[in-house]
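Below you'll find the structures, each written out as structure tokens.
Below, subunit A partners subunit B and then partners subunit C, in two separate complexes.
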Partner chain A sequence: MPKLVVDGVEVEVEPGTTLIQACEAAGSEIPRFCYHERLSIAGNCRMCLVEVEKSPKPVASCAMPAGEGMVVHTNSPLVKRAREGVMEFLLINHPLDCPICDQGGECDLQDQSMAYGVDGSRFHENKRAVEEKYMGPLVKTVMTRCIHCTRCIRFTTEVAGISELGAIGRGEDMEITTYLEKALSSELSANVVDLCPVGALTFRPTAFSARPWEYKKTESIDVMDAVGSNIRVDSRGAEVMRILPRTNDDVNEEWISDKTRFVVDGLKTQRLDTPYVRENGKLRAATWDEAFAAIAAKVKAAKPERMAAIAGDLACAESMKALKDLFDKLGSANIDCRQDGAKIGGKGRAAYLFNSTIAGIESADALLIVGSDPRKEAPVLNARILKRWNQGHFRVGLVGEKRDLTYPYDYLGAGASTLGDLVAGKHDFLEVLKGAKNPMIIVGQGALTQKNGAAILAAALKIAELANAVREDWNGFNVLHTAASRVAGLDLGFLPGEGGRDVEAILEGASKGDVDFVYLLGADEIDTARLGSAFVVYQGSHGDMGAHRADVILPGAAYTEKNGTYVNTEGRVQFGRRAIFPMGEAREDWTIIRALSAVLGQTLPYDSLNALRDAMAAALPHFDAVDMIVPAHDLPSVSDADLAALGDDTSPFAVPVKDFYLTNPVARASRVMALCSAEFGAAPAQAAE
Partner chain B sequence: MSLFSEIFVWWHGQTMGTRFYTWRKGKLMGTDDQGNKYYQASDGASIGGYVRRWAIYNGDAEASRVPPEWHGWLHHTVDVTPDESGYRVKPWEKPHRANLTGTPLAYRPSGSILAEGVRPAATGDYEAWKPE
Partner chain C sequence: MSVRRLSPNQPASFAFTPENLAWAKKEIAKYPAGREASAIISLLWQAQKQEGWVSEPAIRVIGDMLDMPYIRALEIATFYTMFNLAPVGEHYVQLCGTTPCWLRGADELKEVCRKHIGPEGHVSADGKLSWLEVECLGACVNAPMVQIGDDFYEDLDASKLETILTKLRNGEQVEPGPQSARHSSEPLGGLTSLTGTLQPAAGDK
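This part shows the complex of A and B:
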């Protein structure tokens, strides 16, 4: 391990570390524009120059490996002068438009010119001007500001996996472009804005709306998919202005999907801000008391077995816990959190978790994807798979819909029959999995929502067993969820109890008149037409399918407006935090259920968020292990009978995410998401249907 | 102006002292279209090397009522009065208006709570869902 001295501090670093990292380790900060930990090294901005003794010139520390016995100075007069020179060159052609630039206040160039900028210009020639480039509805360009660090190019090729950005021309004529003036077709495209050190790439939807120092910053969790990306919610007053990623190497690294980022305008439209009660067929704004009284009248009249509850995809664990406890007290077992009808849960925790963990993808060496399109279902997770693929010696097999996943894969087949072949050893991809040290299997909702989903799950477990993917030191069996609430719901047992109805049976019962009372906790992705004449209570934040059908509407809080617990697909418990208050009369969801329980005479035993969380943690200890993975080892064993149910079904797997930009009520309320949906269209598979 | 207000009020027209001084030393140089009168010291008395010049307002003593043509003369930017230089108001020039800040006629941007009409959309507004 090389030892070197940086500014008089001796550090020892891993071999292969770059000088810039060694300097950071020694506590000396190095200014930079092009270098980024998660991208390849370009070494073209020259801002990171340092002085190395016995070297004739200052060296670019980001492109120089740390060597044994180097003596580095990072703040000598030579270094300062060198960096000032670099800065002066960068500023020759950089416009002086900070006052009208959206990057102002969080601009690397602005910050670093405070330290290395000289006070005047020695250049009297005109500055160069570059035409704006079209990069789609999300990324706005002011290319005159570009300093050609190439971070955006490296990101789109290496992380997003699309080769749609590049540079043309040389020297002063260099331009960053999409070549064909087309939108960036990646679900991660807006991360280039975070990466761009200057204001060349900015957010189009939120252009000119606020300055970075005006925001209140709240660290929270995203609910657009089941990855649970760590986000920072920037709010001003009573309005969420933007959402940025927060670094968490175990989950989303530094990236978030475009849906996560730009769904903010959906938080301001179609909001439910007052309770409604249906009278004479018309919804009328009501008070909380009236709404609760209307519900109480129906609940008192209904028999427990004729009541049901469905939890939606964005529900927090607290609200599901409260609703489950309420229904337990009412004596009803008809509850379900699997809106899409996935056949999962109840068989042990490991059978529905992403056991390898997202970071674990990097140590896998063969991957079988069953009925999933990770690119649309969890773009950030897909970026991890691409990252692993880029490292080489990684084979991916796909069973399901043929999609562009940004990396090549072996296409094995469309549906369950291929899985049967794999189990029977009739397919040679099984040998690939067997030959791998850490084989990995991802089962998606496209497979689990099939009628024989349970058998498909069993077959996937069997393949994992055959490939020796589940061992003491490695668990390669993974389920990729699409709903942020799903794992918490399964953990809490928000599932039909003894003799209870699942979602399908609830809808069936309601349309036949066997179910009189349905409580929808933000459940909008069900076929509301099948609710028949049942009395429907909708609790949620947005007026979507559920609200239109509801007989009583209880306005709840969106995810940025409440303190909620979410469990991501890995089983990682994370806290979302409140950035702003709920709109109008709306309340945090668990408090609504708690208040309703008192009206129904079944008062729930918790009066504060902490009491409720304690109750959750008492039943499920892993709810106390916040931000951590509690490995589950309870994979069920697979019997031949389970596999036999696979039958000889040749139908292809379903596609759970038809339109990436419109998967939940918040996204459907967002104009920006509608724009994206129009620009990129629904997933190609839908067009083929 | 009534003698009464000239004795007790200093923000209107002239004070007794100014009237006396103007009577003794003032040479009337001209009158603008609002009726403000412009004087110059007849004996060439100067302050800081500049001949003393002053205005007596026809009404409120508000410095911004001086129109631009007289402003130039009053502040020694030019030496000839507009009358002497044959100053003519261009057809596209608006009539001079005093600074109205602090008066009820002051300009209020749209969005000011003092302006009439509706408050424009502001931060924190949202669109509520309405059942149809």
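This part shows the complex of A and C:
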């Protein structure tokens, strides 16, 4: 391990560490533009120059490995002069348009020019001007500001897995562009804006709307998919202005998907801001008391077995806990949180978690994906798989729909019959899994929502067993969820009780007139036409499918407007925090259910969020382990009877995410998401590879 | 250098001739599996030899042949100035304008080109000729000079270039090389050194 001295501080670093990292370890900050920890090293901005004793010239610290006995100075006069020289060159062609630049206030170039800039220019020639490049509906370009750090190119190639950005021309005339200015086709494309150290790439949807210092910053959790990306919600007044990623190496590193980021305008449109009651076939605005009274009348008239509740994909754990407790008190077992009808839950926690953890993907050396398109279902997680793939010696097999996952894979087959072959050892990919040290299996909702989903789950468990994927030190069995609420719902047991109806049976019952009362907790992705003549209560934030069908609408808070607990696909409990207050008359969801419970005469035993959370944690201790993984070891064993229903169906497991940009009510209310959907459309099936 | 853009007028498609395709396959086979992209420059060059320039469809076809993203192929094509991104005339004149040629009258040659061919970078109406000023082509001893197609035409002056261009336009043969009495780069008025017989220096045996 090389030992070196940085500014008089001795540090010992891992072999292969670069000087810039060693300097950081020693507490000396190095300015940089092109260097980024998560991208390959380019070494082209030269801003990170340091002085190394016995070296004839200043050294670019990002590209120089730390060596034994180096003596490094990061703030000597030589270093300052060298960096000032670099800065002067960078500023030669950089426009001085900071006052009209969206990056102003959070611009690396602006910040670093405070330390290394000179007050005047010695450049009297014409400055370069570059035509703007179209990169799609999300990324706005002002290419004259580009300093050619190439971070965006490296990101799209290495992390997003699409080789679409490049640098054409050379020297002063180098320009960053996509091929013939096509839109960036990645679900992670807007991360290039975060990476851009200057204002060349900015957010198109929020252009010219606010300055960074005006924001109130709230650390929260994303609910667009089940990854639970850590986000920072920037709000101004009563408006969420933008969403940025927060670094969490265990979950999303520092990336978020475009949907996570640009769904914000959906938070302002189609909102339910007051209760509604349907009278003579028409919804009319009402007071909370009127709405509750209408519900109470129906609930009192309905028998418990003729009532049902469905929790949607964005529900927080607190609201599901409250609704489950309410229905328990009412004596109804007809509750379900699996809108899509996935055959999962009730068989042990490990059977529905992403047990390897997202960071654990990097330790895997073979992967079988069953009925999932991680690129569309969890783009950030897919980036982690690509990261692992880029490190080499990693085989990926896919059973399901053929899609472009950004990394090559062995296409094993379409559906259940292939899975049967794998279990029977008739497919050689089983040998790949067996030969791997840490084999991984990801089962997606595309497989679990099949009619024989339970058998498919059993088959996947069997494959994990055959491949020795579940051991003391490694659990390679994973379920990839698509709904942010799902794991919390399964944890809380928001599932049909004894003799209870699941979603399919609720809809079936409602259409036949066997179910009179249905409570939709933000459930919009069901076939509302099948609700028949049932009395429907919709509690949620957006006027989507559920609200259109509802007889009473209770306006709830969107995820940025409430303190909520979410459990991601790994089983990681995370807190979303309130950035702004709910709109109009809307209230935090658990309080609505708590208030309703009192009207129904079934008062729930918690009066504060903390009391509710305590109640959750009392039943489920892992709800106290915030931001942590509590490993689950209760994988069910598989018998041959479980596998019997697998069948030899060769039709492909349909990927549940039909259109990545329009998966939930917030996204469907967003103009930006609609633009993206129009630009990229539903995911096309990949041509044969 | 200036910003290089793809021509706005692009053909609908591009295909290598059978001979060139066979040649390209041989070229690709020179590189190990997975490194086929290394053949990009030779293939682009062959496409330019075939068509006179590198069109956008050609970039795509070659990108597909080498299994590389189009933007990577475009990066190469725009980086190297020897790839013409717009059509050129049947006879493509590259006129050296760097210091030695300029001192020896390259400006007059440019005037001739403007008069006979048209503005720089444009193909003449009959499609026969186009011209471009380039940096030093390494024939300073025979300045001023131009390169037409693959051949150098050296020791030029305005009238000589005019004659060459007219002949090329009419489809006549022109002898490449110095357009003076010289064969190569020897002094024009006869040898100026090493004229005598070699005498052993005093002291040598």
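Going forward, the second predicted complex is superposed on the first by the 684 of 689 C-alpha atoms of A that agree within 3 Å, B and C clash if a C-alpha of one lies under 4 Å from a C-alpha of the other, contacts with A are read in each partner's own complex, and residues count from 1 in each chain.
By our rule, contacts are C-beta pairs under 8 Å (C-beta built on N, C-alpha and C of every residue); 3 or more make two chains touch, one makes a residue touch a chain.
Keep in mind it's a predicted model, so treat the numbers as computed, not measured.
In the superposition on chain A, A:331 contacts neither subunit B nor subunit C. Of the two partner chains placed by superposition, only subunit C is touched by A:178; subunit B is not. Looking at the superposed arrangement, the partner reaching more residues of subunit A, out of subunit B and subunit C, is B.
Within the superposed three-chain model, A:605 lies out of touch with both subunit B and subunit C [touch as defined at top]. When the shared chain is aligned, subunit C comes close enough to touch A:170, but subunit B does not.
Once chain A of one complex is fitted onto chain A of the other, the partner contacts of A:425 are absent, as it touches neither subunit B nor subunit C.
Overlap of the subunit B and subunit C contact sets on subunit A: empty, with no shared residue. Touching subunit B in their complex are the following residues of subunit A: 236-239, 267-274, 276, 282-283, 542-543, 547-548, 583-584.
Subunit C makes touch with subunit A in their complex at residues 1-4, 6, 56, 68-72, 74-75, 78-79. Partner subunit C is touched in their complex by these residues of subunit A: 163-173, 175, 177-180. Looking at the complex, you find that subunit B touches subunit A at residues 123-131.
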